[in-house]
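Below are two complexes that have subunit A in common, paired first with subunit B and then with subunit C.
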Partner chain A sequence: MSEFHIVVCGSIVPDPLQTLAPVEAPTGWSLKNEMMLPAVLDPWAGHALYEAANLAKKHPGSRVWLVSLAPKAKLQQVMMAVSQKAPFELVVADGSASGFTDSHETARVLAETIKGIAGLETSKMLLFGGWQSASRGSGAVMQMVGEMLGVSEQFQGVDKLTVHDDGAIEVKERIEGGSYQNSLVDGAPAVFGWATGELPEPPNNPQIGMQNMQKNMPALMQAKPADLSGTTMKLASVAVPQQRRETRVVKDAPVDEMAREIVEWLKS
Partner chain B sequence: MSDTTDTPEVPRAEMEADIVCVGFGPAAGGFLTTLTRGLMNEDGTPVAESAVVPGMPPQVICYERADDIGFGVSGVVTKGRALRASFPDLDLSQIPMAHEVTDEKVLYLRDPVGASRRPAVFKLADKALGRWMEDDAFELPYVPPFLQKHPGMVFSIGQLNQWVGGNLMGTGMAQIWPGSPVAEPLMDGRAVTGVRMADQGVEKNGTPGPGYMPGMDMKAALTVVADGPVGPVGQHLDRALGLPEGKHQREWAVGMKCVVDLPEGCDWQAGTVLHTIGYPEPEIFGFLYVYPGNVASLGIFVPSWFGNPVRTAYRYMQHWMQHPYLWKRLQGGTMRSGGAKSLQESGRRGAPFLCGDGFARIGEGSGSTNVLTGSGVDEAWATGVMLGESVLELMKEGKPYTRETLEATYVARRRASWVEEEAKVAEKSRDGFVSSVVKGFIGMGLTGLTNGLINMPGSPIKPQDRIPTIEEYYKGYIAEGEVLEIRAECARKGTSLHDALMDRVGWPQIPLDGTLLVSHQDALLMGGKVQAAPGYGDHVRFADPYTCEACRERVCIEACSGQAIYTNPEGGAPLFDREKCVHCGACMWNCSKSDLKDSERTNVCFRAGSGGLHSVEN
Partner chain C sequence: MSKVLYLAHTECDGTLHKSALETLTAAKALAEGLGGELAVGIIGADVAAAADSVAGCGAKIYGVSGPDFADARYASDLAAAEAVATACGAEIVVAPATSRFSRALPGLAVRLGGRVDTHLSGLAVADGQPVARRWFYRQRMEGTLTRSERPWVLTLDSGIAEPFAGAGSAEVEALTVDVSGVRTKVAGLECPSEDQQTIRPDARVLLVAGAGWTKKQADGAVHVDVAEETILNFLNATKSSLGSSKSLVDISGEGNAVISFLTHMHQVGQTGASPRHAKGLSTCCHGEEPHVVGWRFISERRAINTDAGCGWAQGKCDVLYVGDAFEIMKKVNEMLG
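Right after this comes the complex of A and B.
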């Protein structure tokens, strides 16, 4: 049976549907009152984390690290919820998670942080993360982190992993046109940018939460500031998407009826 | 109370802490802030050793039902005396949506649409004050001292809780766990030995389902009950221990509120505070607090002594917002979020046993709200501080948390505090509302202006005993036969009876504009989506479904702040959709029938549940 060292890259994003207002300061763009906005684990990274925990459970001896570039105070708050859902070891780089940072700099910080994980064996490493991000969908960070760590086997839009008896990993990836592609990789190391995966969000288990935080509080307290200053990128302007909302809460409506209404709404 | 029993296949987990706190609001904020500041000596050693993790400082855990700290609470104006005492250098600019009070007004609002039910005195006032009114509003020449909040501050409790919680967790001395509903206290006789979390992986009725996980037992030497007026642990203790002689919780109100981006050019400045009376109905009070950045928190309070059995606070709030005085400044604004909360308005008269072996109660659920001044947040914070100081004292002396030691420290502090002194003055201030709204206002004035020496007499009545039938309430306005027809039509169409009856008696329909005047569901979804994690049982249940089946008022359906309780098309007890519930708890007292087993309570049971609003702005 294979034994994996699974490193999940994932950060926090504002809780969906909060009022987001980009503001420009001398230090660059950020979100207004960012530290006071309720935050959640980026849903894409969340899928990756839950898949990682599930895979580790099936393969005894495996370990899961969650590597997070985020303001540590806010991250701690979010971890109080996330750590109830799956066992993991937290590794923190204390820096901005606003989504306005250069993705190359983000990847560099994550790669350096991963290199610093004690006990991580690259030969067993599966590098997990979100295929996209809810804060800014560049879709490039995981790819770059993999390259910086010298991992060339990369898969994006992953929905399922199946580990064969010989240690090979079958990967189900989303590709264009709504189709899937199945690939086979010999085993670790490899990068997997997850789409939604196939697992529901686990329930909150206070016991797992307590065990996790006993391990992870020191990581939060000792987190070092992340240096993201190496960029020359400048954002010319920032705007939130225009939205129009019209809500009715209806349950048990037939799918055809829902589709018809949505089409009519879009046409209007 | 949990409906489930342990099964051999899925054992119930158990853990231990030194102190477990239930609910993270202002009271718990005051408690944990005070406690964590005192847990370590100046030399870096703990003031006491944890009994469960030897060598470590006491392990302090706080469980919060909502999915994040600060979700789904309220805007507030407060003198902030206890907050200032905890944070002498408090810089409000560090807390979003906070500001000093700069202007405070009490407004009497005339009815501009002619549908309000005004007693003769109000009709007289409408005429007599007319010449001094601006946009159908009369500004009282001065704010009575007992209502004044100046000097004080306005803020969003959600933002305050986020700020306090962030500071607390940064100390590493306390853990606050969101998304963690507590079902009930663990009791040994009259002692509390910890708490039991809500079961997961259960069906709607609480029976084990796929993925069943019994709620964990968290044992602790001290359980701090800070779960508010509708919290399951406080309710459980009230049932198990009863209330002290002469105490009862019969006065309630629901605060229906929203946060609004004010239109450009609005002349309200940050720190403006408005209190309104008179409209949409004389029994309904309004409030509006202006935050920095042209944002306001506003809404209404609908009390349990409001006689309408089909009371939908949301629609009343929309009529209130459209009052000419307010609408002149609100029109063109945008709703950011909406929500609701029950307020326990019995105050000191509803105070439970404040402590016992292994437990202490703080905050609104402990009867700390001042019902005369309409102030509760600062009082709740103060009770938390008092308990924090007491616990530190007991820790340092190595004493256990017994009824005797907690009475000698915590209860003694409360009895000697300004919270208690002012609550005594306020205790009878609202008794006049038992008879009529006019006597109620006179009574509040008498109590406030005489510092409690003179009060309007009245003996509070249980909410369920105050609610008339729909036919009685509309007698003289709508003929009984027509009420029957309207009922039948609403039942057939599945539409709101409340709306139909309001339309019929002359309330204009709400001109929805998609930005500020929005549907009830949109208000709950805009900026504060309501959601509930899967796997929990229904937290709203009906004690006796047959009682519901025979009920004709169905106040719970019409009053539900989230439209989560609705008519069962097949008859019988109403249905409940917990994914829409905002956890305001208004259903608990908006019911016209007593629980057959406990006549002090209604037939609606409000238990531990997950989820709710996801807004930290309200």
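Right after this comes the complex of A and C.
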């Protein structure tokens, strides 16, 4: 039975139900009241974490780390909830989780942070993360982290991963048109950018939460500041589209009339 | 002089996808705008037909071909892209944001010591510099950006330019790339049959199904079977693509009645896709901005909803039909025959 060292990259994003507005400051673009907005674990990174915990459970001796680049105060709030979902060891780089940072800089900080994990064996490493964030949405960070760590077996849009008895890993990746590509890699190390996966969000388990937070509070306290300044990327403008359509409301009309209008529109 | 490399991969039949041809138009315009030189790189099992199809662009064409490059695979695609970029000394690499290149090309930026920006919604030249446009926070806001790092790898979403047309007879400089050390083998594809396919990226119309389809109706009962039949009949009659709101996908995890053919891949909006179609018809959808971004790129939008004040509709669509989607869509299907 294979033993894995699973490193999950995942940060925080504003709760999707919040209204978001960009603001420009001398330090660059950010979200209005960004530090006040309720935050959640990035959804696809969350799926990656739950899949990691599930895989580790099936493979005794495996370990799971959650590596997060985020403002540590905000991250601590989110971890109070996430820690109850699955067992993991938290590794924190204290820095911006903004969608306006350069994906390369985010990848570099994550790769350097992963290199510093004590006890991580690269030969057993499965590097997990979301295939896109809900902030930048570049879908580029995981590949770059993998490259920086010298891992060139990579998969994106992963919905299923099956480990065979010989250690080979079968992967199901999303491609266009609702189709999947199936691949087989002969084992670790490899990178997996998860889409939704197949697992529901685990229920809260306060006991796991207590164990996690005992281990992870020191990680939060000791988080080193992350330097994301190595970029020339300049955002000249950021704006929320203001286009509002003039909606014609068809009300109290017979069903036949509405249907006919829709059909004519579809055929036009 | 800037060297702009346009990168493409072939489809199963050896051709280039429409989005790849659109990207060539944008790459060519970029090279011209910068007063630079355009080069073309094509990766695939056999690149001859694809090269001929774009020969009219006038650029030197590089090819990496063979059975090892037939399938989408990170390590081999990246090795091929690196070989082409190195051979032509690319400063800017422009490629379509297909699943294949979205997987591989961010790694190219690291290999080349450059930077990458993905899923661009626009690419132009201002003051002699490339200016990229892309969305942030899941299509909630759009920004324009520049940078001076080179090489700069850019992937472009579909719909930002007209497809390039200019076939001819191409001379391809073939590059040899060793991928014997790659540990991944592609086992095959799982594609829904034409009858079962409900996600159709190239369809003219997107039908968005909301959670209302699985809620209790006027008679106090749930009619998921009727909903499924109605939706499928519409999709079959119009060959539309199907999307769903997050709430409809999520209820599958809450033990509620579900529409059997809907998966997370159908989800549009905040944590789903933002498909591009000429027309969109939303049915039984509710919710605010996070879901509505799912049809940010739908040109003409109409909605059916029992609530005239629905956030999906007011100000977001062109026409809102206030009524029962079960009745209206049944009649629509009858009229479509």
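Throughout what follows, the second predicted complex is superposed on the first by the 239 of 268 C-alpha atoms of A that agree within 3 Å, B and C clash if a C-alpha of one lies under 4 Å from a C-alpha of the other, contacts with A are read in each partner's own complex, and residues count from 1 in each chain.
Following the convention adopted for this analysis, a contact is a pair of C-beta atoms (placed from the backbone, for glycine too) under 8 Å apart; a residue touches a chain by one contact, two chains touch by 3 or more.
These figures come from a predicted structure and were not determined experimentally.
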Residue contacts with subunit A in the superposition, subunit B compared against subunit C: C
Partner chain(s) touched by A:Arg63 [first = subunit B, second = subunit C, both, neither]: neither
Touched partner set for A:Ala73, first subunit B, second subunit C, both or neither: first
Contacts of A:His5 with subunit B and subunit C, given as first, second, both or neither: neither
Subunit B versus subunit C as contact partner of A:Met221, first or second or both or neither: first
Touched partner set for A:Pro22, first subunit B, second subunit C, both or neither: second
Which of subunit B and subunit C A:Leu37 touches, first, second, both or neither: first
Partner chain in contact with A:Asn205 - subunit B first, subunit C second, else both or neither: first
Partner chain in contact with A:Ala239 - subunit B first, subunit C second, else both or neither: second
Interface residues of subunit A shared between complexes with subunit B and subunit C: 16-17, 19, 200-201, 245-249, 251
Interface residues, subunit A side, partner subunit B - complex: 15-19, 33, 35-39, 73-74, 76-77, 80-81, 84, 200-201, 203-207, 209-210, 213, 217, 221, 245-249, 251
Contact set on subunit C toward subunit A in their complex: 71-75, 78, 98-100, 102-104, 106-107, 109-111, 115-119, 131, 135-149, 182-192, 197-201, 205, 238, 253, 263-266, 270-271, 279, 281, 288-290, 296, 300-302, 304, 308, 313-324, 327-329, 331-332, 334-336
Residues of subunit B touching subunit A in the complex: 13, 15, 63, 67-71, 95-96, 159, 162-163, 165-166, 169-170, 172, 175-180, 197, 200-201, 211, 213, 216, 218, 336-337, 514, 519, 521-522, 525-529, 533-535, 563, 577, 580, 614-617
Subunit C contact footprint on subunit A (complex, rising order): 13-14, 16-17, 19-22, 29, 31, 43-44, 99-100, 102-104, 107, 134-141, 143-144, 146-148, 152-157, 159, 170, 172-187, 195-196, 200-201, 231-241, 244-253, 255-256, 258-263, 265-266
